[in-house]
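As structure tokens, here come the structures.
One chain, subunit A, appears in both complexes that follow, with subunit B as partner in the first and subunit C in the second.
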Partner chain A sequence: MSATYLQALLSGLSVGGIYALIALSFSITFTTTKTLNFSQGEFVSFGAFVGLSVLLLLSGTFDFNAVPADASAGLKFPAAVVTAGVLVGVVGIFIFLLAVRPFAGKPGMSWVMSTIGFGIILQSLGLVVWGPAVVNVPAPFGEGVIRIFGAGVRSQELVVLVSAIVIMLVFDQIMRRSLLGKAMRAVAFSPQVASLMGINVTLVMVGAFVMSGVLAGFAGVMVAPISTASLFMGLGFSLKAFAGAIIGGLNNPRGCIFGGFMLGVIESFVGLWHSEWREISVFVLIILVLAVRPDGLFGARTVDKV
Partner chain B sequence: MHKRNMFKMAAAAAVLTLTAGTAFAQEIKIGFNGDISASPSAQSGQAGVLGLQAAIDDLNAAGGLLGRRLSLVVRDDLSQPPRSIQNMSDLIDNERVSMIIGPTNSGNALAWRHIPNQKRIPVIGFSGSATDITKPMAAGADNYMFRVSMVDRPQVAALMAYVKRNPASKVVGFMFETTGYGQGGLRDMQEIAAMHGIQPAATERFAVNDTDMTSQLNKLKAAGVDTLVVWAQGAPLGHLLRSMEKINYFPRLLTSWAADNKSFYDAAGPQLAERAIFLRTVTDERSARQQQLFDRVSPRLASTSSFPFAAHAYDGMMLYAAAVRQAGTIDGPKVREALESLQGRYDGIMKAYERPFSRTEREGLLASDFRWTHWKDGRLVNYGDDVVRSLRQEDFRM
Partner chain C sequence: MPLLELKDVSLDYGPIRAVDRASISVEPGEVVAIIGGNGAGKSTLLKGVSGLLTPSEGSILFDGQDISRLPPHQRVARGIAMSPEGRQVFPDQTVHDNLVLGAYARGLSDKALTAAIDEQFDLFPRLRERRDQPAVTLSGGEQQMLAMARALMASPRLLLLDEPSLGLAPLIVRDIFQIIRSLRERQITILLVEQMATMALKAAHRAYVLETGRITLTGTGAELLNDPKVRAAYLGVAHDAA
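And now, the complex of A and B:
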């Protein structure tokens, strides 16, 4: 019986790691620009296919129907992760300039529609380039099941789990220690004051969208060996990740990470009890959290002066 | 010199009359409405278009239909019901097609099947397998929906017959994906199980995007389930098998035909994929007719596992052509009546059709045309064991 619970915990943490990574990418733009990229899911899918293309090119083929078994071996996978991160980061600049900047800070929620629209454009472009097929991506450390006290887990799930934690720690340090992090927090606190203090506010905002894009691209490639790559894979993950971010507190990166992991574990344990309650429990939790703590479990309370 | 010029002029005149002649006898337009670009099932739609085009090419090469050439009008519905409804009106009212093949997804057929029934244009399904698609809009009403494809209900009937006949199946569990497809399948499973007196020990669900189903599987394992019947699409079925491997629990696995999809094979991996048993209309052990069409379309098939849809669409088109010849017109109601009382025999890609449809029978392919299938060394081959061989007609309850 304990193996069953351990399995639920491990499975929950590994899915939660995916949610946490994407939840963090939501948080980055929210803390600096008070806007969200609602096409984060498409960014994740796009990143996965950029990474997959790199894996194939490095393996000397471009046949998506026959991905070689050793396509992720050696340094190919890290190369794919980096390329996807960089490219999706660049797409982050475009979404900021085209879909967010014209509307940010203005009354109304135009940026919601414009970011969703940007995602549709990105997905359509992806369909033109890569087609609608679902593509299997081999894991860099093989497909075998690793057994831990009777519970089974795959190598890539551990990789995602560990990298989510490492990224969280690094990001935390950047935000709290470095000049860039301080500038970002200053912009988040008040763009006007930050600007008066000589901080290039636009540049910091672009930087936030680039970082958010880098994370999405990175997440896409990391998740692809677990979920198989498709241009539709990102949406499901990003919805859950957004829920995790809301629960943890959108304006607290640590809280977002925690929220993502928590959601994965809750889903897994509710599945042990009554699987029909899995989705319900997630959203009941959101309503409860928002009722008691409107800014999330770890969110800082913001007071809008009227 | 002069003579030669005369000849040239005569030839030009002949060509002119010919073009004018063909322009006069208007083309018969055939419509396709289905997803060919936007979802994982788009590959099935693409295969359907290839098969349909092959059938139209063959008919045109043999002089067309009623002396008129056939042309194909393709509309992509991107898997979206509103788009699919719009396409339907566009094909019928603007393009004035005489028949439509489609759609790719069951949900879209259920969203618009009232339209061809109102406008009296025959539709032949080649992919969507939901049982209700070909039901009449009201009891006894004229019905313009036909199908040459897999159907969910007889599939489930076969799987339940297997469960009933298998002496090793003592504790049965059901699993389904929480989409319309999965829930429709679950309803069929529960109804047919009840006819056999089969009581599932547990029924578990998962979402279409889930990658880890270990929690639900651990519950089935605790309930002692030795035979699992699952209704879901290809990719989640693959993830289900990967989760089974994690907890090292492998009950006898009977699934929906989505397991024939390449997305299932890729997600599960070559070894695990071999554990699923399901039904299919064509296996990779093809008949000579099937091989012929396969050789024609396979260079342009995105995945060879989508070949059945090309064969279904080809046969659908040919059955329609036979009905038009019999009716002597492309008038919708008359062609429908001809389809419901087809004379003679048509040797199709899937089988030899003899009076395939009637006023009540809408399915070109029946349970007896389905093949027990499993993956073996990357190919979809016929599956046979003692239980399959022992199945009798009376075991199939619907």
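And now, the complex of A and C:
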């Protein structure tokens, strides 16, 4: 029995790691620009297909209906992850310049529609290039089940969990120690005061969207071997991740990470009992948390400055 | 040639004119104060100089060059640093990191950065004790010192001080002005906006009086201290004897 729980815990942490990465990607743009990228889900799908394309090209094919079993072997998977991160990061520059910057900081919420619209365009372009197929992506370490104290875990679940933790630790250190991280936190506090330090605020905001895109792209490739890849896969992940970010506190990166993991684990445990209660439990939890703490569990109180 | 020159500068908030064709100049090494009542447009004027607000009319010359349209970060690179109204230290970052951000535009090596921070700690010993504390844990006076030290980290050719006494206890205000006087002795050029007119006029070489967005009077600090109109409007009879 305890092996079942351990298994649920590990799978929950693994998918929670994906939620946490995407939650963090929401948090980064929210803190620096006070906007959210509502096409983050499409970014995740886009990342998965860029990664998949790299895997296929490196295996000498571009046939999505016949992905070779060794397509992810060796250095091919890391190459796919890096390429997806870079390309989706570049897409982040475009969404900022085209869909966010014209509207950020202005009254109204035009950026909500413009980022959703950008996502629809991105998805349509994806459909033109890759088609609507659902593709099975082989895991870099195979499909075998690893036994940990009796609990069966898929290799990719461990890969996702470990790399999500590493990425988030690196991110945390960048934010705390590097000058770039300090500048981003300064912009998050006040773009005006940050500009008085000589910080090019626009550039920092572009950087935030790049980082956010990179995280979404990473998440897409990493999760594809577990979930299968489709251009519609991102929406579900990003909705859950957004929920995690709200629970943890959108303006607190560490809170977002916690929220993402927590959601994954809760979902996994409720799934043990009755899988149809998974979604219900998640959204009931959000409503409860927000009723008690409107800024999330770890969110800083939002104070309007004069 | 003045280091800073405002020529008929007007600044608007939407349809509301906050500063109306103001002309002021600051010579190198000078401390210049702008005094005036609440809502006279003092802070707005400084926002125009730092670039947080773009003038709708007139021009701002720094070192003879027109900077009216430059964004704030480019003005910092040219040597204009500001300690903003209400201090605005980065609350979640340590005293040390606030100072690091103050030198952002200079691209200093680690060694030079440490030396620059030490220099500020010598000027503001209280900050040294608080080095690793988040700025939010500092008292109001300490936050004001941090805001000034942070601006000085840019090694500015012109230091803008916006209401440094705001919300501080009288004893702390005295400390802050002591520091301003020591900066004056070090020949740092300062444009100071202040509601505490007596303190400001004593610390400044010259001053301007701003009334509902217009410069109405100018003179040396001593002249304005003895001007009957200024005394009546801004200094208050009760404080005069002090």
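Going forward, the second predicted complex is superposed on the first by the 300 of 306 C-alpha atoms of A that agree within 3 Å, B and C clash if a C-alpha of one lies under 4 Å from a C-alpha of the other, contacts with A are read in each partner's own complex, and residues count from 1 in each chain.
Here is the rule we use: a residue touches a chain if its C-beta (ideal position, glycine included) is under 8 Å from a C-beta of that chain, and two chains touch if they have at least 3 such contacts.
In this text, all values refer to a predicted model and were calculated from it rather than measured experimentally.
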*asked:* Which partner chains sit in contact with A:Gly152 here, subunit B, subunit C, both or neither? Use first/second/both/neither.
replied: first
*After superposition on the shared chain, which partner residues are touched by A:Gly131: those of subunit B (first), subunit C (second), both, or neither?*
first
*Taking the superposition as given, does A:Lys182 touch the first partner, subunit B, the second, subunit C, both, or neither?*
second
*Return first, second, both or neither, reflecting whether A:Phe237 touches subunit B, subunit C, both chains, or no partner chain.*
first
*Identify the partner contact of A:Val201: answer first if only subunit B is touched, second if only subunit C is, both if each is, neither if none is.*
second
*Applying the touch criterion given at the start, work out whether A:Gly271 contacts subunit B, subunit C, both or neither, answering first, second, both or neither.*
first
*asked:* Touch test for A:Val166: subunit B only (first), subunit C only (second), both, or neither?
replied: neither
*Return the chain, subunit B or subunit C, that is in touch with more residues of subunit A.*
B
*State whether A:Thr4 touches subunit B only (first), subunit C only (second), both chains, or neither.*
first
*asked:* Based on the A-chain superposition described above, do subunit B and subunit C contact any of the same residues on subunit A, and if so which?
replied: none
_Give the list of subunit B residues in touch with subunit A in this complex._
37-40, 42-43, 178, 204-209, 211-216, 218-219, 222, 234-235, 238-239, 242, 245-248, 262-263, 266-267, 269, 302-303
*Interfacial residue positions of subunit A with respect to subunit B in the complex*: 4, 7-8, 11, 14-15, 65, 127, 131-136, 143, 145, 151-154, 226-228, 230, 232-233, 235-237, 268-272, 275-276, 278-279
*Footprint of subunit C on subunit A - complex, ascending*: 179, 182-183, 185-186, 189-190, 192-201, 300
_List the residues on subunit C that touch subunit A in their complex, please._
50-52, 71-73, 76-77, 81-82, 84, 88, 90-93, 97, 100-102, 104-106, 150-151, 154
